[in-house]
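You will see two complexes here that share subunit A, one where it goes with subunit B and one where it goes with subunit C.
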Partner chain A sequence: MSDFEPIVKIRGLTKHFKKHTALAGVDLDIYPGRIIGLLGPNGCGKSTLIRHIIGLYLPSQGTCMTFGKNAADLGQKELCRIGYAHQEGQLLDWMNVEQLIRYVSAFYPKWNKDLELRYTQDFEIRMKDRVGSLSPGQRQKLAILLAIGHEPDLLILDEPASALDPIARAQFLELLLNIIQQEGKIILIASHILTDVEKIIDHVIMMNGGRIIKNQGLDNLLESYLHVRLTSIGKELPQELSFEKALFCQKDNYQALIVFETPDLDSFKAQAERLNCRVDIHALPLEDLYRVIMRSQH
Partner chain B sequence: MKGITANLKLLYQTREMWGWYFLFFISILHILSSFFTPQSRHITDLSYNWDLIAPLLPLAVWGCAMGRLAASIWTKPISFCMPGHIRTSRKMLTLMGIAVASVTSLIMMIFPFWLTLKPLNIVTLFSFYLLIYCLSVITSILFNKLVFVIPYLVLFVMPLMNRLEMLSLIQNILLNDTWSSLFVCWAVILLIYYVVGTKYLPRRMCGAPSMTFFVGSEAPGSDLYSTPLPQNNPLPKRIAGAVNQFFLVRIQYNKSSSIVPHIWGRIYVILGSFISNWRVIFFDGPIIFLAAAIFINSIRVIDLQSFLYSFIGLLGGHICVMSGSDIFLPVDRRGRFFSELTALMTAISIMLIITGLFAFLSRILPHSVTSFINLTWSSNFVTLHVKYIFITMILLPITGGLLILFRKKSFLFILTVTGIAIFLLGAHYHMIKKIGFAFSAFNIPSIVLLTALSFGFYMAIIYYSVIKRSLFLRN
Partner chain C sequence: MKFQEPPFFNKKYYYNIPGFKDLMILDIDYHSGVPIYRQIIDQVREQIMGGLLKEGDQLMPVRELSAMLTINPMTVSKAYSAMEAEGLLERRRGIGLFIVGIEPLRKDKAKEAHVEALLNKAVITARQFGLSSKKMQKILDELFAKYQADDRSLSDE
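Moving on, here comes the complex of A and B:
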């Protein structure tokens, strides 16, 4: 498979759970060398999409190809290239940490022992502790180690940092940045902690109601939305304010906060001048942008 | 370390496996004891014994143990992505099955009496033993949520083994219709082998709670005192509207009484999903109940009445540890105490209704299904005596109390109770008769005293575990 071919290729993917539609006709290509943030509200279909990619769920309609093979039939060769950390961190509780690491590593042709050693030291995971007695944060750290130990080409992390404390989250991000430095790796992170995700991802997939509503590069996405503060000089702002392509507008007598999608800045500035207003333009952080986009969906 | 070695290490790493080994050992003891009793079967006449089928129980226990081991790993999402894991699990299951079936066949071959068996008979026996093992494996995997019943079933089946004349029928088929037996055995074995090697079972089980019997459950709600928010609780969605309405009105917080809502809440949790499911009420339930009644009554259970009532008492104790009513209300410790008490009363009511119906059916069934019995069992129906119901009344609170006490650390409790129960009630048919005789000697004051003690024990346990102890229990 060449570098220009998608590693994950999804076409018309639909998944029904009885009467509930979890995914509705999803089309998606994931190319090598990307760090992708999979974002969306609870129940929007993120985990369902991920489980299709690893072949855990079977599509009701459509296809999902991973490493050029139908995801439902992934074989030993393809599975060796996938690392998956599950959001609930269900592990084999009766083992101690060392036994679990040895058990999982036995199934992979290569296992990075240096990484294991460094990781367990940095994250203070004690090898003799029983997995069942670990705190949720410790379990999550262990699940991440098990997902990255065999140096996968496609690393899928489903809510990887939700139970980690701020220091562990910073260490975790550093670890991901190290992995990213290796060429051709893909990291797919489903997360709600957008301030962290924003630091490492270069591509965003936003989902809502089982559909993909945004699928573009992070920089591109951030550039296409602008946050504008309009401050009236002297007199009050008119009761009715209407701007083309405005997604969100909040105003009081003298000030208005507006978010635009792909704005025509020149015409906006001209309009502001007519209203005798000062204009301050900022880029939106991903978290605020996410909120605006999700609100505009309703 | 290779995958298969890693999987074989699991055989001693998990505490649950030691529980299964214990059950396996007990079931072998049972077989040996039945071989060496003075009243042992007529071993010189092949048509009237079932010695070749005797290892059925240990094989089934072994199969369940291996099936549960595989299932407990498949429920973890991490295992789904481990390359070759499914095949390795199948290899391990096959290896264990062949090993135990071979050893059992060899034992049967070296028994002096069985020297007369033809080599082909040994092949048939091996195939049959492997089939029993495979069926147990697949059953214990498929019925993940009912795994807690398995040790009780083993306990229940033990004394019945001496009474099931169908076993000699199976033995005769194995020895006389060798080729057709071989064909059926291997067809089913290969089908199971194929299914276990596909992704179907891991996919079905992935993320499901791993139900265990010997080391406490990981099922949501198994931590009784966790308080999930109502909107996250799936129960109201599963229960029909009218039933929901009936209960929810009564569960609503009421200033004048802080106890009544908990009582209704507990009944709702235990009975709600059952009584709102019309199919269960009118179809599944009656069929299962009738089948059980016919089965129990057609095995000359007259000597086993005390055992039957004990069995119901032990099983009924599990109702006491079903999820609490506190899922709908902010609950204080006092409310929880009454909720636990309600659970016991509900469990007793349910079990009394069931045993009462069994007793009633045992009176009317002989007149209506005699022809059916003649086709299957050679014995006659017997009438169950309701007077023995006090055994259930005494045992149920004790079992429920112990299960609450060892909710998360049930290992020692289960081993002890299962061991005692098997030795006293299951291992030896004649022991049961003696215990039955002892029970029949009880008079009313002693029954009242024992029942009061049993209830007192339960209340002391719930007082300790709800009022005095930390409500969050870690596994």
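Moving on, here comes the complex of A and C:
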């Protein structure tokens, strides 16, 4: 699908803050046409990684190229193609909404006024409200508008929807899908709230301790883990029970719960048959999967 | 057929797409962990087996279906491509995707395999609970009587 050049190209990216290592040798290519979920526990380096991509931080070692330019050399041309809404959402509180939108839009060579109008209507943003008086949810909506108004090719959202109500959240997801329909766009969403993003992302990057531990398609990731319950129909399960490729196994005398990574289902089913067991196989929802992968890191 | 730029957030639009008399009714569980493209394939296959989708029916275009379900268009494309590769769908350039080659799925064998997979769990639960095969048979017969289908004839008659 993506034969063209990656929009973001990262090689051996390492970042130290004094003695703390925030990123430890990250390699990453990001291709257009994707909605990527950037997942990981607090302090795992998500935001640090993002700040390198948009040129707010410079690497201690390695390189981070965005639109073919090093983080240090990002100029107006590249920055205009990036949209960024972040969790703290610092806005100019003393302006009213309309003033702030005009102020921000003035920085960009193009600004989609039509999109702005539809957006403010659909999200019920009132132009005359003072920015400082907005609720956290309204602020977040405004921050998103300011990140998309100039129609960036690379849209980066750091915890974008945490304060949105369920309806606004659904609208927000629709908005992102609308953006990704256009050629050559990338949306990168960093989030803890997995249920928000799992509907629409097609690619997952998981980070832990400054490293990337998973970088693959969502479907592929979901399909490579299975959760199995084994229930003995007849006699007790043998004391020593081991399964190939099992990540976790929890058992009592008659039942066992097992999580597999890329299991050989046929051989497992044969094993279960020999043990005279009932097998219930479930997929693991992304949220559970996330916990399993994080736990298996230790 | 030319689609207008879909307006934001206006789901009503998608329910009135000119040229599509029917929507695809799919019941997607977004948080089950079963990949969404899998769920689409399974449900389309099931609808074909049940006679709800017929040879020559047109599927909703990728854009419209992804907008309706609020899912990534790549996910819909993936499901459609897999079904195309399987020979279940045919792409007519510039028009859309149509259901073809459903014969294998309409055969009793395919239906039986599908039902057997569903029954497997019930039987093994019965075994675990110590219910006899005779009791199971009785339950099945009663259920059959309860859901006596009068509109679609049984295929083995």
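Everything below uses one rule, namely that the second predicted complex is superposed on the first by the 291 of 298 C-alpha atoms of A that agree within 3 Å, B and C clash if a C-alpha of one lies under 4 Å from a C-alpha of the other, contacts with A are read in each partner's own complex, and residues count from 1 in each chain.
As a convention for this text, a residue touches a chain if its C-beta (ideal position, glycine included) is under 8 Å from a C-beta of that chain, and two chains touch if they have at least 3 such contacts.
Because the structure is a prediction, the values reported are computed rather than measured.
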Are subunit B and subunit C a fit on subunit A, or do they clash, once the structures share the same frame? fit
Between subunit B (first) and subunit C (second), which does A:198 come into contact with in this model arrangement: first, second, both, or neither? second
Given the overlay on chain A, how many degrees, to the nearest 10, lie between subunit B and subunit C at the CA centre of subunit A? 150
Between subunit B and subunit C, whom does A:93 touch in the aligned arrangement: first, second, both, or neither? first
What is the contact status of A:284 with respect to subunit B (first) and subunit C (second): first, second, both, or neither? second
Figure out whether A:174 sits in contact with subunit B (first) or subunit C (second), or with both, or with neither. second
Touching A:27, do we find subunit B (first), subunit C (second), both, or neither? neither
Looking at the superposed set of three chains, what is the minimum CA distance between subunit B and subunit C in Å? 25
Subunit A positions touched by subunit B in one structure and by subunit C in the second: none
Subunit A contact footprint on subunit B (complex, rising order): 1-3, 5-6, 9-10, 13-16, 72-73, 75-78, 80-85, 88, 199, 203, 206-207, 215, 218, 474-475
Complex contact set, residues of subunit A against subunit B: 54-58, 72, 75-77, 79-80, 82-84, 86, 88, 90-95, 99, 102-108, 132-133, 143, 146-147
Enumerate the contact residues on subunit C facing subunit A in the complex. 6-9, 30-38, 63, 66-67, 70-75, 78, 121, 124-125, 127-128
Would you mind writing out the residues of subunit A in touch with subunit C in their complex? 33-35, 118-119, 122, 170-171, 173-175, 177-178, 180-181, 195, 198-202, 218-219, 222-223, 227, 231, 233, 278, 280, 282-289
